[in-house]
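Here's the structure we're looking at; comments come further down.
When the chains are written out, they are named A, B, C and D in that same order, and each has its own residue count from 1.
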Amino acid sequence: FFHLGSKPGTSPKVCVLQDDKVYIAPSGVQKERIEPSHIFVLPYPQAEPSPLTDRIYLRRPKLNLKESACSPLFWNAFTIRNAGSCIHTHSQNAVMATLLWEKEKMFRISHQMIKGVRIGGHGPTLSYLDTLEVPIIDNTPNEEDLKDSMKKAMEKYPNAAGILVLRQGIYVWADDWQKAKTQTEAKSLMISVSREIGVKMKLAGLPTVLDE
Amino acid sequence: FFHLGSKPGTSPKVCVLQDDKVYIAPSGVQKERIEPSHIFVLPYPQAEPSPLTDRIYLRRPKLNLKESACSPLFWNAFTIRNAGSCIHTHSQNAVMATLLWEKEKMFRISHQMIKGVRIGGHGPTLSYLDTLEVPIIDNTPNEEDLKDSMKKAMEKYPNAAGILVLRQGIYVWADDWQKAKTQTEAKSLMISVSREIGVKMKLAGLPTVLDE
Amino acid sequence: FFHLGSKPGTSPKVCVLQDDKVYIAPSGVQKERIEPSHIFVLPYPQAEPSPLTDRIYLRRPKLNLKESACSPLFWNAFTIRNAGSCIHTHSQNAVMATLLWEKEKMFRISHQMIKGVRIGGHGPTLSYLDTLEVPIIDNTPNEEDLKDSMKKAMEKYPNAAGILVLRQGIYVWADDWQKAKTQTEAKSLMISVSREIGVKMKLAGLPTVLDE
Amino acid sequence: FFHLGSKPGTSPKVCVLQDDKVYIAPSGVQKERIEPSHIFVLPYPQAEPSPLTDRIYLRRPKLNLKESACSPLFWNAFTIRNAGSCIHTHSQNAVMATLLWEKEKMFRISHQMIKGVRIGGHGPTLSYLDTLEVPIIDNTPNEEDLKDSMKKAMEKYPNAAGILVLRQGIYVWADDWQKAKTQTEAKSLMISVSREIGVKMKLAGLPTVLDE
């Protein structure tokens, strides 16, 4: 599961919640080299992890590995959206989208192939006629510090299927751990493709949302 | 045959008519994971399938898979153009082409390497001096509902070797099932390359058709 | 040798002259599927092949394959430049370059990493301070008909290490059959990279040649 | 180690200093074909190699291979920055960056994911709030002749984690030979990604440095 397709070195970070256990990949290990023994396993639920407090582990890697800094943000997806998995990438189209839609603080695109994206990540799927909206929050020097602003954005925009971080990347989640990989991959991909075409359209001077 | 080259997750959908049998790939299964037992097999000819009426199958996958929503559109290629295979993709260049040529409702490019494209998909091949024309029809929330407008466009433009769908993708067919894969691949590719270079030319401010 | 790296379906066409024998790949066979038995073998020298006259073969494929239409153009490289191999591609950057430099009928770039390109394809190598010049000739519906204009351009510009064909592609040759593959690949690549960066620079409004 | 990921034919050049030995790849051999016996091994320290004077070798390839012309530049990284490895690439984004930031003689980008880049290549890591600065030096016909201007730039900008060469490429080093590959790869990649996004931002008319 931790080997999602992306360019080497720009590995997406992935987190899975399954049977009251949270599986988190280590930070700074290249995707291709992650082995099962590198994965952090935490009990769930537990008090929300913060960069400052102790966390309870069911298993930690024996190697001196650092847990992904995204953990608190993945926790948002679990507690606020009841997600079964969450994925984080630094894709260039995500970064470009946050820059091109910086003023609006919201990436918006309509009339595209977004059928597989679910409202809020767990509701009914979007239709061709709907508008995909992904809020953009400001970045901070440390990823952990995004926890609160991500939470606020998720609560303010309950229909959002992901959260973009200015100049940094995107968080996308899926609600169903049984199909977590396929769903997360597919949603992540669909949003990613929308973003890519959105960036191309914006740069070509085309409106990305109709009827405005 | 169902493993045509394209990016994972953006699988083209493929349909083949061979010896009075139609083979259709399932929807929602990633190209790389399609197995022979996943393929729907239908007798041909039969009353045109619609999303509402029953269809007759020679074989259905045992898994609870959904037939590709493109089936009625593939049927157009079989009945109107006597095609032996049909392919549908959501390529970004197709989407960009429909947007950049939206007003004209027709993608047009001339003086390019389009030698392998056949008039109407089954006639003589185009020459370097000819103009490749691919009509653009409006999209609908459900792919099945494109059947009638695609049919009209195919009848209005009998020379067209494919049909573009606004903001969605393209349908391309080949007439000869024996060489279906190579032909469909080659044509699809040639039209795709024309589209890609067409999009680049349009964005660079270059005319895509000479002598106008 | 006939498996140079490029995208499937957009195979470069390759021709090799070695020990008084010319090896030509068939037309219409995808690069990945070419087998040794598909290769045409012709004695060299022989009267220049034309599309109309008979050609002498040492070996023809048993399958009903068509010789690449580029043969007469490859012959130019052998007879005019004493080349040991020639390569032809339809790369999009080649096509874009011919369009962006259409008026000048000459692609020109200087102060780039063109050290490996030899003057005329067989002379001393270019320096960083030199200007790479590749003439652009008009395209014709049939590739065979390019033979004379390509010949004229090669004679008019004896320093040119390749010939671009408007809206179509490029021919590049190497003089030394022993190292034909590496040389042709390297040169082709170097010219290709120059072309790609040249196209990017032109589109970004940057001059591609200094001191003008 | 000498098989870093990049496109065939555009191989990065790599040099490693380990246990008082310098390992240098040969010039003109494609990355995929480099074998251990092709590597030059030199004792370190020794008088700085110049293109004119003799160099002392612990081992030279038996084949008639030429040492990479970058050796004197790699030496800069070893002597001035105490680096354990150095990498040189001709990436197109590096070339484009030198052209788009030619006037400033300095590629600058801030508020991007540059956390892994170390100040001067060996100091503390940059923060999201910092500005990544890479000086741009003029190119020369022979790479060896860059030695002095590269040295000057490294001394003038002790915080720079790499040196760009106008219209040519970039040099990046890592300080720790034990982790040389990962570090150099990661840094090279991070700077490369910054450069790529920087080029995209510049072309889209977006400022690459905030608060100016």
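The criterion applied here is as follows: a residue touches a chain if its C-beta (ideal position, glycine included) is under 8 Å from a C-beta of that chain, and two chains touch if they have at least 3 such contacts.
Going by UniProt, the chains are A, B, C, D = Methylthioribulose-1-phosphate dehydratase.
This is a predicted model, so every value here is computed, not measured.
Student: Which chains sit in contact with both members of the pair chain B and chain C?
Tutor: Both-contact set = empty.
Student: Mind checking the rotation angle between the two copies, chain A and chain D? C-alpha superposition, nearest 5 degrees is fine.
Tutor: 90
Student: With over half of the numbers shared counting as same, classify the chain A/chain B interface as same or different.
Tutor: different
Student: Centroid of chain C to centroid of chain D, CA atoms only: how many Å?
Tutor: 33
Student: Report the inter-centroid distance (CA atoms only) between chain B and chain D in whole Å.
Tutor: Computed value for the inter-centroid distance: 47 Å.
Student: Report the topology of the inter-chain touch graph, choosing from line, ring, star, complete and other.
Tutor: Per interface graph, the chains form a ring.
Student: Give the pairs of chains that touch; include all such pairs.
Tutor: Applying the touch criterion to every chain pair yields A-B, A-D, B-C, C-D.
Student: Please name which positions on chain B make contact with chain A in the complex.
Tutor: Result: residues 8-10, 30, 90, 92, 95-96, 99-100, 139-141, 167-169, 203 of chain B touch chain A.
Student: Where on chain A is chain B touching in the complex?
Tutor: 5, 111-113, 127-129, 182, 185-186, 189, 193, 196-197, 200-201, 204, 206
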